[in-house]
Amino acid sequence: MVDIANSDLIFNNYCKVRNNSQAWVVDLSAEDMVVQSMPDVSPTKWHLAHTTWFWETFLLREHLPGYQEFSTKFNYLFNSYYDRVGARHPRPERGLLTRPSIDEVMAYRAHVDAGMASLLETGCSEKLQALITLGLAHEEQHQELMLMDIKHVLSRHPFAPVAFSRAPVPAEGSEDEASTGWIDVKGGVFAFGMQDDGFHFDNEGPVHQAVLTDFALARHPVTNAEYLAFIEDGGYADPTLWLSDGWAHIQAEGWTAPLYWRREASGWREFTLHGEQPLDPHQPVVHLSYYEASAYAEWAGARLPEEREWEHAARTLAGPEVAGAQPGVSAHPSARSAPHGQLAQMMGGVWEWTRSAYSAYPRYKAPPGAVGEYNGKFMCGQFVLRGGCVATPAGHARVSYRNFFPPHARWAFAGLRLAKDI
Amino acid sequence: MVDIANSDLIFNNYCKVRNNSQAWVVDLSAEDMVVQSMPDVSPTKWHLAHTTWFWETFLLREHLPGYQEFSTKFNYLFNSYYDRVGARHPRPERGLLTRPSIDEVMAYRAHVDAGMASLLETGCSEKLQALITLGLAHEEQHQELMLMDIKHVLSRHPFAPVAFSRAPVPAEGSEDEASTGWIDVKGGVFAFGMQDDGFHFDNEGPVHQAVLTDFALARHPVTNAEYLAFIEDGGYADPTLWLSDGWAHIQAEGWTAPLYWRREASGWREFTLHGEQPLDPHQPVVHLSYYEASAYAEWAGARLPEEREWEHAARTLAGPEVAGAQPGVSAHPSARSAPHGQLAQMMGGVWEWTRSAYSAYPRYKAPPGAVGEYNGKFMCGQFVLRGGCVATPAGHARVSYRNFFPPHARWAFAGLRLAKDI
Amino acid sequence: MVDIANSDLIFNNYCKVRNNSQAWVVDLSAEDMVVQSMPDVSPTKWHLAHTTWFWETFLLREHLPGYQEFSTKFNYLFNSYYDRVGARHPRPERGLLTRPSIDEVMAYRAHVDAGMASLLETGCSEKLQALITLGLAHEEQHQELMLMDIKHVLSRHPFAPVAFSRAPVPAEGSEDEASTGWIDVKGGVFAFGMQDDGFHFDNEGPVHQAVLTDFALARHPVTNAEYLAFIEDGGYADPTLWLSDGWAHIQAEGWTAPLYWRREASGWREFTLHGEQPLDPHQPVVHLSYYEASAYAEWAGARLPEEREWEHAARTLAGPEVAGAQPGVSAHPSARSAPHGQLAQMMGGVWEWTRSAYSAYPRYKAPPGAVGEYNGKFMCGQFVLRGGCVATPAGHARVSYRNFFPPHARWAFAGLRLAKDI
Amino acid sequence: MVDIANSDLIFNNYCKVRNNSQAWVVDLSAEDMVVQSMPDVSPTKWHLAHTTWFWETFLLREHLPGYQEFSTKFNYLFNSYYDRVGARHPRPERGLLTRPSIDEVMAYRAHVDAGMASLLETGCSEKLQALITLGLAHEEQHQELMLMDIKHVLSRHPFAPVAFSRAPVPAEGSEDEASTGWIDVKGGVFAFGMQDDGFHFDNEGPVHQAVLTDFALARHPVTNAEYLAFIEDGGYADPTLWLSDGWAHIQAEGWTAPLYWRREASGWREFTLHGEQPLDPHQPVVHLSYYEASAYAEWAGARLPEEREWEHAARTLAGPEVAGAQPGVSAHPSARSAPHGQLAQMMGGVWEWTRSAYSAYPRYKAPPGAVGEYNGKFMCGQFVLRGGCVATPAGHARVSYRNFFPPHARWAFAGLRLAKDI
């Protein structure tokens, strides 16, 4: 069954997401968009092309009769990690792709958007709709990655250039005592994972039962001021606070503060997508590795939450969300207070490290085919983060959403919220 | 309350374990015992000294009045990773310690043994007894590490020298059909972790409830013959079978078979502590990384078990144990069949990789002080293995015992057992 | 004494060289010009800015009263290696400089060119003239580096893009028997180094006497066909042909052919600045390391020349030069024959590795001040090349000119000419 | 023609050199002799076996009918770098050779010595005698390497163990003003290289003419006190004193003093083969890299000598030699004064870095066969050192002797003597 009225809606949605990808980059130069500052980072141009390749590969080539691909070379260049879709350009060498130019990539986007318009002209089957929803979620993920990545690229420039000229929003109500302290959560057997029939990634399912014991969560994520106290107390110099791997890592890398902090005679400064700024003590600390989050928690006499503790609390006790990412709005996290008895900033603001290693839920099965390479093969060596961040597109994250990074990664907008046993 | 009769028993036990450490090394030369073949490996001599340092540091210095330490330099040289006990020699440089000689280390052992005799002469408090039990478990762990490590050292020699001249025991009853196939296990809410009051490491507790869904476990660990089929089917060349990190790792390292396998014109051979041998198809495959175990399971259309699945099955359905390590007996894994309806070789034989990342049980707290550094700080980047192996001292492992290694490690005696959802 | 008529001439010359730098890059995109493909390579944009910084720093700041520098940040960004001129951006991170944009760099060039016009308006002292001559030689060196570097950048792209659309010129007269064979050179005591009062780099002096014994030089540089014979004879697999370091290096890097060669089913192909081409057997082989040049010579039963052998022969027996680099003309080496009794292609074509380590001539003294950092500090770990190449600007090289690279480098347009004792 | 009387003499000589190798190691344990502290270092045991392999391979196998080799595996294990003699164990893995034991290696030595006795029983042809002389020179070189290498091994131990208990000899007459200052040397055309018919390595020939201009050499090598002044003047922090590669290297390695120096509150101390000692200001500085020698010379307003300058001066103006290495005597350099008008410590004491890259003399040809691999293949990336050192066996070095190391190496007993143009 094909539904034409619905297909208009879908195409509108498609256009909104696709346009957002381009709206983010209007201030960036061709040069900003080609450089790769570390193997984990992809150039902006690559993200713009890869998301387009996704539509071309999984939608147009398979479902639009007579579709003419834009370039036979792009499958090699812009496949990310789908082994079933053929050979691909090595990830650490994406920064060598001076060609195609950003103009050609924009033409590629237009070509594929036209194809998608054709495809949806005559309606949209349910199967197609599912693929499109996945494609939109995929493009939104890359919007967040684009922000993380261009932030890293620009941060490596000696003169802290500005990506977006809007100034970061000051913390709202962050002095509010209401948002400090702990909230107790009662244990029991609860259901976890995506529970309604909305879109979700495969790793959010299946729904399953698990046991929680009583615990408490901090009302708000750790702030810059709180994290600064850890630094000033010698946190980075005390091996007993750190995971063994973490201590080895910070020694090897010489880390003494979060990724984008810099100490000047006049005080600490923080590099943001809006340029370098004096550190705002009221905002949540961000750009921490798991190692640092874990050491902070140890220092604070607490621990990181389990991902299921976080999820259960988020379902039942969360205050208002922090607004998601929108081109033209601040792309730096800011605090938001919550009513008495509620957890502040659970959704949005900063990703929160949990102490749960990223792994399969009970009875999880990776979907067959290339799309099945999406999540399962990364279930090793990573920790789950929950809640979304200021760079996550509005509406993209969910209570069941599982982000994940290796413990040394800190170019994501990641902070932490304390937990403890009660 | 101090109990003298008991203290005799304890000292006997102490002597037995201590003597075993030395019995293992009688065939090794001073040169064998000083070399470090990779940063993960410690020289035999270092193990012999470090275990002795443990008794000196945590027992004699604190509890034997007037104890004279053997050498003021040994705390620096033979502390392993206890940050609270002071500075220490870097781990990757243990192979540079030509001094003290093995003779001095043996004298150090005798000196500390004499101290322990004095300490126990007048009885043994409960607190002391607990420390001694921990010390014995610690020494047994290092006996297994000594075997793993000397095996690696000798394997790096171009001519496959023999560590112990006893030949490996052939698989017993391994052709028995009874031990193949699957055993179904019913789900439910069960208790996990150490449940009686015997000795256990902190990471085995506290006891806690968790949910299992229905699953099946293979009757026996994967054999060499089965693993060979995976190799011959191109398992090491198909990226879709591998975790993303695993694929990158085997590409970088050029792995195409388990650690100690070598293909000759005449067939596969396996390096063992008893020299190089033709590969025995009936024995369990051993010296796999987690990456390889996971890829094999994927290829076999199954998965690795969760550690709690393994534990619950081991409590309820395990067949007879495979005999633990004893100096003078084979130090190479061999199969052992089990009666109908039981799981073969759950305890002993080979460590079995689970897909559970090594993490804290609910409400786990690391003990205070240096002893608290034992386990908690390694809860990152490692996977749990269960069941013990042929190199684990007899009586050392338990159903609740949690071993752990990073996913690329394969110098442990690690194999796998398949699981699946039912 | 200031000479105004002369200063017009000088400014004309200045404009010609400066314009050439820009003429080379007209076909390149902003993205081509920002990427750094290895630490040895600098982005095109960086070359365009650094050469400009040289004029600003050593000419305008010191000699043009009231000169306003274009940007206070550029001294940090575009200083190459002059420790006396202050801190500088690390060389391996030049590819992170997305800002300034190429447009700003072009504006910087115009600003400095205007300054130079002002400076020369009122004449030109001898001291100034000497500095300008040095600046022009410096800019020409960077023109050659730009070609080497952009060639390397584009070569790392999987689809062999074209830098300049002009096709390479076929070898002229290369079949001519006249240019094969050897030419004998009589030994004696000769003078070496720059002998007239024209411009030269400090490393070309002072003039000094040295002894040569009788030797012979090959009439022409080794051709692609000749080098191919070495490959096909197993040259890359025979350790006895290689320097010890060279053998270790080719093993580690997996080298089996010159840098830009690629074997296809249809035959060998060579990446050039004009795209990938079928290998032309008559052209001189190019993009060899010293290791490869040395192994080839060993295989051929000959040796590399000493730099003074080369220089003496070039002074007395050289045939016509190969035309130097000009924007709009082929940037790929081509052979040129020489009359009977003369050495073909001594100047131009390809740089020729000599077996002389790069070192100071007798009584050499580095000039004082920053300019003195030009050559002396590189006299370690490098070998001398002689003769210039197709990427060397016309008129830039001389018979006494000493180029130098470390023995593993092969992104220079370097080939070889055989020598032997007679 | 075979001469039996002569063959007794030769065998006596052989025994003396062979015994010396063993006399050096009497204080070392089996553990000291197996460890490899860096890839450049070989274990003592390996040296003892490799020198023996040389006799077995080039003398006994070829010239003693019916010779039975000690072990068929030793050709693989103890070949150093002779590609023509077959595959060999990788150099960086020599420290993994726990087997054969030192006792077996000593038995190997005895076996080969017995073979040599048989070989020489019936006289000695000239050809044989030449090979034996080469073998003795080779064994003496390895005696020096053994001292360098065991010094490095022991230096990596945290507690500075003593290799040999004899205390270093204090500087003799080092305060003598007669030995300070400069000695002028007149230029001209001179002959260089081995000029009589005594033994020499291939790289010392052929004799050839070369031009020297007037120069001066310092009367004595740079002392510890003089080098300390360089350190205290900030020598290691001033990039303008250093070769470009040298500056990069000391930054990367964090070097701030010679290899075996250590600063304590009480002053500088130096690790020696006789344990750690307070730094003696009067002794020659030793264990410098070429980079450090070059930077010191720059700081001192001088330069390093050319190897031919050194050789010519040594032939004509050298004072008495410093005694060569003898087991049982000090193995740490000490100064020795010279009569007025003579150069002190030219031979013995410390190797002196020259600024001459190690390269072939005019008309040099590597000898054919495996022995020809001796020197030629190392003529790349190294600098020549002249004069011998306290670890060079007495009588081993000559005025024409050319030692060579890469510029970063500093585990040789290398210091420097200043030169300047006059």
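Which chain is which? They are A, B, C and D, in the order written, and residues in each are numbered from 1.
Just so it is clear, a residue touches a chain if its C-beta (ideal position, glycine included) is under 8 Å from a C-beta of that chain, and two chains touch if they have at least 3 such contacts.
Everything quoted here is computed from the prediction, not taken from an experiment.
Participant: Starting from the defined contact criterion, work out which chains touch chain A and chain C both, please.
Facilitator: Under the touch definition, chain A and chain C have no mutual neighbours whatsoever.
Participant: Could you work out which chain's C-alpha centre is the most distant one from the centre of chain A?
Facilitator: D
Participant: Once you find the CA centre of chain B and the CA centre of chain C, what distance in Å lies between them?
Facilitator: Distance between chain centres, rounded to whole Å: 59 Å.
Participant: Using Cα averages as centroids, what's the distance between chain B and chain D in whole Å?
Facilitator: 47
Participant: From the C-alpha centre of chain C to that of chain D, how far is it in Å?
Facilitator: 38
Participant: List, in ascending order, every residue of chain D touching at least 2 other chains.
Facilitator: If we look for residues of chain D contacting two or more partner chains, we find none.
Participant: Please categorise the chain-chain contact pattern as a line, ring, star, complete graph or other.
Facilitator: If you draw each chain as a dot and join those that touch, you get a single closed ring.
Participant: For this structure, give each pair of chains that are touching.
Facilitator: Applying the touch rule to all chain pairs gives A-B, A-C, B-D, C-D.
Participant: Can you list the residues on chain D that touch chain B in the complex?
Facilitator: Chain D residues touching chain B: 29-35, 37, 45, 73, 76-77, 89, 93, 95-99, 101-102, 153-154, 156-159, 161.
Participant: Which chain D residues qualify as touching chain C in the complex?
Facilitator: Against chain C, chain D makes touches at 81, 83-84, 189, 208-213, 239-240, 242-247, 290-291, 294, 306, 355-357, 359-360, 362-363, 365, 373, 377-381, 407, 421.
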